Structures are given as structure tokens and as C-alpha cells.
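Paired with subunit B in one complex and with subunit C in the other, subunit A is shared by the two complexes that follow.
Take a look at the complex of A and B:
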């Protein structure tokens, strides 16, 4: 990768996040409070709206489907959070599982990430269609992936661990070359 | 290329994000059904030239099954709705009739 390309997009494997899958009906009493409490320091409920992710204190809750959420946290907090959540949801019909090893995480930084994603899948990644706070599950190349904006000019992405090697090669390829720069801000 | 709105996550999903599930609103023939009726349930499909109902799964998204009402001749999409629906909702029927006057739902 040339220096110029690297300035537009850097690809890094990780961070290794703790991931907890939660499935239950969205109207389960206390669900939002349980998730907010798990993240810690959140006032009240933390139940992301459809297609969104809420972040606080190094953790996050992502909307996966109408009855599924994914908790993201530092690895070392996974076991504690799992225990806490199953205590708070005891008596309610639900499923909680530590799925930290199921997925591989990538971090893309630099202004070129929108263009790289646009080369790989059908998702609308223009600034108008994909902004901070959104959590998009889609297809990249041949496999399913999910991504969200984790900071200024920074995107976090995950896919199944079994296809992590493929995803890494895919992203490296998409980061190469001079693109048309269609998502670059005017004058940037 | 077909673009369908997933009624569960609201995403305008490209066909390549979806997995097809064949004709929708096919009723299962129960244990009392005749061999002919069961064979028809398993294998016989309408394959119409015109208004059609299809099952799709948002396989690369939220994972849910939904039904798309569309026209196989004009490729117009009338709408989508959850698969847990045993007949086209009234709004979908209205949308179809606006474009295909006199169209009737045939279970």
C-alpha cells in the first residue's frame, strides 16, 4: 500500500471486543434499564432504536433485529455483565450468550472508509445515508458484516470469525488505489 | 436489480442482501389432505405474469422473513410486509388495485 493510500485508509484487526447476544421481546419490563445499567453510568434506559447503536463508558448496545441486541464491551467485563444481565432479566423469557469468539472486529480509520465500503457492498454509506449512531448490517463481498461509526474518521466493523481472513483481504483490496473521492467533503 | 424495503429494520435492501424463499401465502395441506393436494402444496406454483407475492429473508441484515408484493411483468414493487401474515394487508391490496384495476386476491 502506498503512503498516499495509507493516508486515506488504515486497516487494523481488533480491538477484541466482548460481545453478549441478548434475545427477548422488546417489551420485557426493565429491559432498557438492565441494558443501561450494564453499560454503567447511563441515566435510565439504553435501548437503541431500530438500526441504531448507543454507546457509553467504552461499551455499546446495538440493535440487531426486532428481538435481538448485541452488547459490546471490553473483554474483561464480559463475564460480569453476563451475570448481571441474567440476574436482572431472571423470570423473563430471554436468551443471553457470550458470543465474543463468534465474530472478528476490524477498525478502519481515515477518510477513505466510505469509499472502501461502497466498493464492497450494496449499503448506502454516503454521509446522507449513514451517519453516527447508526448500526448497519449488510453484505460485504460474499459475507455478512455489520458496521458503525466509532469516532471521527473511524469505522468499526465485524464479521464471523470464520471469514475474518477473507474479510481482511477484501478490505485491503478495497483500500487500494485512487478512488473517485465521491464522498469527500467539498474542498477537503 | 430488485430493491425491497425490509419491514422489520426499514432498510431498502438490495437483492444481494436478501435470500429468496419462493412463492408466499402457500397453505400447507394437513394430514387429512389427499395425495394430489399435498403434491400441489409441495410442487405446484402459480408463476404468474403480473401481480406476485414472494417470500424473502433479510439474510445479510436482521435475518427476518418478509413478503414482497410485486409485478413480475413490470418489476413494480407494491410493498412489503411481515411473513407472519396469512393474506395481503388492505394497504397492499389498495396499492395493487391503484395500478391493476379490478385485481382480486385469490387465496
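Take a look at the complex of A and C:
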């Protein structure tokens, strides 16, 4: 990768994240509070709207489907969080599962990440269509992926761990060369 | 002889010559040339041969509609066939070869077909080559293919990259002429997300060529100003060289951008396929001029009138020194004027209209050009190039009145809007009598998902043929699109004024489908409609006489419009001729359906990044690298790669399998079973749910226990199997086959979401969360005990039970299940620890002679035990009862998926083929899939069959071939010998035996 390309986009594996899949009805009493509490120190509820992610204290809750959420946390907190949530949701119909090992995480940094994604998948990743706080489940190349903006000029994404090698090669390819510059226009 | 003029040419740079070759001949063009203009500048009029008669063909058009000038471009891996010379930008070192001739362009043996033309009428291949049987395949087809083949496929790998790009916009404007620019300006000024695309390298469309003046200034100046404004807008994206090839439902459009086709090897992708999701689409795609049907209209040197002035104005290239113009409208007079202004001769304008006296006609007369009204071309003189024309009265049969020497003919039969993209998604058309063309019917547009209009046509593409109207129409279309989006003019403030355009006075055109109007049958055989596919007026008329009334059928019968140009020039003329032959008006005949793509798209662009290593995702287990470094021979299983076997140095694959089977049977083997599906099912109704999903009773399974289960679809057919584990009162873990993980998870979710939405059950696919390792063999327990940790004794962990615990410090779940018939433990750990556990097992197992084994050993061992494999013993038509698995179908349950189906007469038919074992008498291995022959033949004269082989292996344990198969009344016929005809007339005899070849009582797995 040339220096110029590297300045536009850098790709790295990780960080390893703790991930907990939670399925339950959105109207379960205290769900938002349980999630907010699990993240720690969050005042009030953490129940993201459709297509969004709520972050706090190094953790996050992402909306996966109308009855599924994904908790992201530092790896070492996974077991404790699982236990805590399991306790708080006891008596409510739900499913909790550690899925940390089922996913591979990548971090893209640099201004080129939007074009890299636009080369690989159908989601609207323009600044107008995809901003901070949004969480997209979509397709990159031929596999499923989910991604969100994790910092200034930084994107985090994950896919199934079995296709991590494919995803890495895919992203490396998409990071190469000059794109059409469609997201570079002023105000685009 | 075509030539380069000494002055003019708005697109060329005379001080930048470019060298290129055509059929190996070195030629020189100029920067800004198209390949077609450069060829013409070099006097290369002959560019190809027609498809059927191999007639000499020259450049007819100047754009994407060109039917003749198809070339192969580049060499080696960069070779690209079927490129239109008219849309190829010239670059230094370009190499082009002509196509469709054999042996040479100048001398073509296929041209003999032309002499035999009367024996090759429309549909000739349907008529001629039907008999004798076999002659088609062996004789006619190869000959025709050799004679008719278009471009050849490249023979080396393509060194260039291709890519896709997805973009979402409010408005996609297709066409960078003045209508499209005006539409983009109008939409862009409101702040909407706009993308404006132009198929060629230049903006402005035809306006600069036509000498249009906007606000009193040349059109090019207005175009530049418009582009400047668009470029300053942050919300508008401009793309040249981007051909919109298809419009689909939901505002999805495909653009084929030739990024670096004119700068090969510069590191950029050669082509880019844009996948645009547009909320609204504006098609400002212009119009195409129609040829006229007269005798010899295909002779090189006969061109569209508009193309003639394109070549003169854009590239200072003239098709000849003396050009006769033939027309049925005023527009072609512009070509005469342009030629004359360039100092070239125009001996006559042949106008089919009885009277011609519009302003353009007057100007031509004032310049001293002879206008012959009411006249027609009776024939073109010359074969490989135009030498003259014979004139006749248009209203006659073709009696020649005079001859005019000339070396080019500029023809115009009127203009047809490019309605293709409008039509792709269901837009309907109107027949416009005055212009004799189809234009978009604004009352019947393509509609989007919201039921509102999706596509808006603008300018020439909308039948607005005059400059002022076309320009205004761009604004109208954009406003309509914005209104549909709810982001109308109110956001952008006042409507910006349109530039002033001098009014044009144009006299009506005269529809001319046949020239002269009463031309005889012989003449019609020499009037071409489709230049590329060699379809003539006589062919379409013949189709009508033979009873073809539908334009779609006529198209297929005559091949009109079926060539690579998809009838861009021939469609309207062809269906007008058909209408006349049927004696009905054109709109009653209708038009063929326009389908994507509007222009050819390269395979590279379609594939995008999906080539080489990225052709398909390869799924890897957590232990993949270990397998790789230990010599695994891979087997693709879905998108997974699984080790088939681990051959050692000098060992054949077959020997490796034998060794791995024996070792697992005698010592201990290790299998990476991580790919097996693992679906978590949890909730108060989980037991009830699994009772419906599986044929067995699952709700009675106790926590700590495992049960083998079968899944049928609602038609009763077996679709998956696997071991269900009860983790706790509310939680089950369902193992599926490797290929079944996603499929069965979806199957469960579908039933939960659509039918049993009120059941309290959640599922999660945890397949990849865990690595799963099978430790198999008589020494398996000893190995696990050596690892230390949990109690794996027979008493604490009996067969078909599971425990959670620790092994060698790993937190594990251990399932005592067996797919091999041996003492077997399947150990699950979080995927991230899979490799470490595997390596530990290998290390500690050395003392027990541990060896990893692959999928083939797994298959052999399960077959020795008579265990079925989904996809081998099942093929979508097999039910559990066929496989002797009736024991796994609960009789107590009120219902399960497939229960009703299992009661259908066909499913309970005692004649269904049933699972048995097969042992060859000579110990050989039966061919997989072989059929057992029965007495007699069926109604098709085929030998009757009574069974087939579903799995077949060499069994190292028994030292002979074993097979599983489905046989009619099989279980009742133990000991009978069946005959399996094999290749080469060989017959293999095999005895029906029990499907369980090894350890019939199951003692070994239960120790």
C-alpha cells in the first residue's frame, strides 16, 4: 500500500471485543435500565432505536433486530456482564449468549473508509446516510457484516470469524487505489 | 475515400499525434479522436463484415448505436472483443483488429453466402438444417460458427482490476446533453443529492455539433458554465464515460464506467460498475437517427447524416469528398450545410418529400446546393465503397432518372428518442405520428415502490426534438422528480431563467420505410434494416407472409435487432415494415420490449472484486492453520474448507484415508467438527417448538442428555439431522449438519416468525462461537483422563449424555456422541481456544498414537456403521421411513413438520425404495450413484431399475467395498444379488445385506 493510500485508509484486526447477544421483547420492563446498568455508570436507559448504537464507558449496545441487541464490552467484562444480565432478566423470557468468539472485528481509520465500504456493499455510507450513532447490518463482498463509527475518521466492523481472512483481503483490496472521490465533495 | 480535413475539429488536438494499428497496419490519429474517426481519417472505410452474408461494412454511426465497426481491442490479457470503434477513445499504442471475416477483411470466403442469399432467407436455419438428424451438430453448426463468429474471448488472464461502487442519490440524471445538464442544475440547486452521468468523454451532447446558440453564445460556453456551477455544488456528482445500462425496480440503476479503458495499465480499475440506488431517475438520453431503407444502404460510405456532421465538426473527418444527402426531413440539411462549409461537395440533397422549402432548405439552396424533392435513391453504385447513386421518383417503383457520382451518402430517416431506460422498468410508449417515432407516455411511467412515477424522461429522449423545448424539458423533468420527492422548488427559491434560444422553424417530416415507396421484390432483398445481423426488408416481409404477426416473434424469426447493437438503428424501421406488410398502423404492431443492458457490459465489471482469492469467501475453522501446516488435503464443504485427509510424505490419499480409519478404530483419532451447526433454542416453549421441528420427541429429553433427531420439511422430506442436547430446562443446543447451520436456523426462525409468533422461543446461531473437536477411538477416554480435569468415566458420563467441566484447564462441554461407532467424545470450547485445545490433544495423544482424520475417514466410518449422511442418502425426495429411521418418528406426538405429508399414499407406498447395505461379490467398490437393473424396459424404452447406490466406499475395517443404497423392498430381500451395470458394459453384482456393517450391536461406542 502506498503512503498516499495509507494516509487515506489504515486497516487493522481488532480490537478483540466482548460480545453478548441478547434476545428479548423490547417492552420487557426494566430492559433499558438493565442494559444501561450493564454498561456501567449510564444514567437512565440504554435501549438503542432501530439501526442505532448507544455507547458509554467503553461499552455499547447495538440494535440488531426488533428483538435482538448486541452488547459490546471489554473482553474481560463479558462473563460478569452475562451473569449480571441473566440475573436481572430472570423471570423474563430471553436468550443471552456469549458470541465474542463468533465474530472478527476490524478497525478502519482514515478518511477513505466510506469509499472502501461503498466499493464492497450496498449500504448508504455517505455522510448523509450514515453518521455517528448509527449501526448498519449489511453485506460486504459476499458476506454479512455490521459496522458503526467508533471515532473521528474511524470505523469499526465485524463479521463471522470464519470469514475473517476473506474480509481482511476484501478490505485490503478496497483500500487500494484511487476511488471515484464521491464523498470528498464539499458538503457531500 | 474518407479523409481528414485541414482545419476544424472541435475535439482533436492537431499537435498531439497518436500512433495505433488496425489489423497490424500502423496508422496515425490525433488526441481527441475516437477510433472510428481516426480510421476514417486514414481512409479506412471498410471496418468489418456482416454476420450472415459477410458483406463489406463501413462505419455508419458516430456513437453507441454503431452496428458495423466492431473491433477487438488490445492484446493478450487486455484483449477485449466487440468494442464499437465509435465509442473507443484513441490512445497511443492502441491495437485494434477487425472481426467477423475469414480469412481476411479484404478477401472473405464467407462473402460467397451473399451470392447464395436467395437460399438463406429469414429463419433459414430453422428450415435448412433440420435434416438429416445429426448434421446440425456435426456439420452445419461448426461451419456457421466459424463463419459467423463475432469477437473471440481473450485467452489470457486479465491483468486489470475492476470494481463495484454503490451510491445512493435522490436524483440520478442520465445523459450529459443540455437537457440533462439543465435537469441536474434544477435538481442540484435545491440541495438534493444528484448524480449526473454521461456515456461519453464529453459533456453537452449534440448541441455543440448542431451550432446551437444559448443566450446568443455557442452552446459549448453554456455547457462549460453549467458544469462549473454543478462542480461547485457539493451535492452533485458528475461522471463521464459512465454508461447507464439498466434501470430496475426500486430505483436501482447500473452504470458501466470505463475508467481506464483509454489509459490501459495506469493502475486504475479498467471498468467500474456503479450500483446506484436513486429515489428518482431522469433519462435525458437523447435520440438516435434512423437509416433509410434503399438498395445498397449498407455499402461502406453510406452513413447517418448526423454522424457525417459529427465527424466533420468534432474530428474534422469527412466520409468522402462528394456526399449525396438523402432524407425525409429538414434535419439532414444541417449535414449538407456543414459539409459545404467545410469546403466539400454536396452534389445533391435527395428529399423524399414532394415539397421542400423550410428555412434549412432555403439556406441549402442559397448555398447553391441542388435539392431534388420527391425523389429517392434507386440504388447505390459500388460494392466495397460508394461510387455513386441512382435517383428515381420516391412515389414510383424505382425507374432510374439519373446517376450522380459521389463517394459518400448521408442518410436520415428521422429521429427516434432513446426510450430504452424509460422502458426497462415498465414505462410505456406513445406513437407520435408527426415524428413517426415512439416517445415516453407521461401517463404511464415506470413506477417505484411507492406507486409514484420513478423515471422522468427529458429532452430529445422525451420526444422534445427542438432545442428550446428540450432544454425546458430538462427543467420540467427535474421539477417533477423533486416534487415526487417532496423537495420541490420551494427550497431553492425562484426558478432560474432558462437561456434564450432562437426559434427553429422545421417543416414536417415524411415517414419513409421503403425507398422508393413502391420498390419491387428484388430491390427489397437489397435493402438492409439490421446491418449487423443482415436482416433485410424482404426478410421481415417474408416473416409476415409466413404468418408472423407479433413483433416479438418476428424479431426472433428474422433475428432483427438481436445482434450486439440490439437493433438500435433497426427496430423502428423493422416494425414499420412489418406493420406495412400486415396492413396495420405501427402502434397496433407495437414494439419489442426493451430490456437491460442498453449497451454491453464487460464480465470484469460484473465480477468486480470477486476473482482470484476473493472469488468466493472461504470459511476457516479456528484450527484451519494447523490443518494447513500438517498437510491437509482440502475438501470444500459449502464455503468451508475441511481436511479430507492428512496424507503423509509419499502416501496416497487413499492410503491416508485407510490409515486414518484404522487408527481411529484401533487407537485414537481427532476430528475438527467445528463446522457443525450449533443452534441455541431457548424459552418456556422451546420443548414444544422442537417437538414440531424434529420428528422425534425432544420435550422429554432430560437436561444432561443428548438425542439424535431428524428434521423434515412440511412435505415430509428429510432435510437435516443431528444431535440435540438439553442444556437446562428451557435451553436446547441443536447440532445440525455443516451445510445445514444457516438453513436450519432460517427454517426455525421462519416458523417462529410466521406461524408460531406467539410461542416464547428465541434462537441464536452459535456455530462459530465454539470449536468442536471429536476425540474418537478405544483410547479416547484414556487420553481425556490424561488431560485431567472432569470425570469422563462411563459411569459419570455415559453414552448420549453431556457434561460441562474442565479438561487440561479448558472450560469445556463434553458430549458423548459418536458418528463413527467408536468410543467418542465431542469437546466444545470457545472458538478462540480451539487451536490450543487441539494442540494439547495432539501432544498428550502422542503416547496413544493419536492421528487427526479428515472427512473421508469420517464418511467411511459412518458408512461402516450404516449411519446416513444428509445429501448422500437424502436428495430431497427421501423420507426418514425410507432410511429405516421410523424409530426416530414419534408416534405419540399430535403433530410435527412433515407428519401430514408422511400419511400421503405415496409416502406410505410399500414399493418405496428403502435403505440397505450392499456388498459386492468380488469385493470391489460400487460406483457411487450406480443403478440396480430390473427386468424389462419402461415406456421410454429404458431399462427398468430397482435401486441405486447412495454411498460407496472401500472399508479398511472389512477389507472390501461396502455401499449403502435404496432398493425396492430392500429390507425384505436380504441375501438377494442385484446387478449394477457399470461403464464399458461391465456388470457388478452385489448382495443385499444389513446397512450396519460393523459392530451391529453398538457395543464399541457404549463402553
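Please note the rule applied: the second predicted complex is superposed on the first by the 185 of 188 C-alpha atoms of A that agree within 3 Å, B and C clash if a C-alpha of one lies under 4 Å from a C-alpha of the other, contacts with A are read in each partner's own complex, and residues count from 1 in each chain.
Basically, contacts are C-beta pairs under 8 Å (C-beta built on N, C-alpha and C of every residue); 3 or more make two chains touch, one makes a residue touch a chain.
Just so it is clear, the structure is predicted and the values come from calculations on it, not from any experiment.
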Touching partner for A:141 - first (subunit B), second (subunit C), both, neither: second
Which of subunit B and subunit C A:122 touches, first, second, both or neither: both
First, second, both or neither for A:93, with subunit B first and subunit C second: second
More subunit A residues in contact [subunit B versus subunit C]: C
Partner chain in contact with A:160 - subunit B first, subunit C second, else both or neither: second
First, second, both or neither for A:169, with subunit B first and subunit C second: second
Contacts of A:101 with subunit B and subunit C, given as first, second, both or neither: second
Touched partner set for A:21, first subunit B, second subunit C, both or neither: second
Which superposed partner A:179 touches (first subunit B, second subunit C, both, neither): second
Doubly contacted subunit A residues - partners subunit C and subunit B: 121-124
Contacting residues of subunit A [partner subunit C, same complex]: 21, 23-24, 67, 93-95, 97-103, 115, 118-126, 128-129, 141-143, 160-166, 169-170, 173-174, 177-180, 182, 185-188
Subunit A residues touching subunit B - in the complex, by the definition given at the top: 50-51, 63-66, 68, 121-124, 136-139, 144
For the subunit C and subunit A complex, residues of the former touching the latter: 161, 163-168, 193, 234-237, 239, 267-269, 272, 275, 277, 609-610, 613-614, 616-622, 639-640, 680, 682-684, 760, 762-764, 766-770, 830-832
Subunit A-touching residues of subunit B, taken from the complex the two chains share: 8-14, 16-17, 59-64
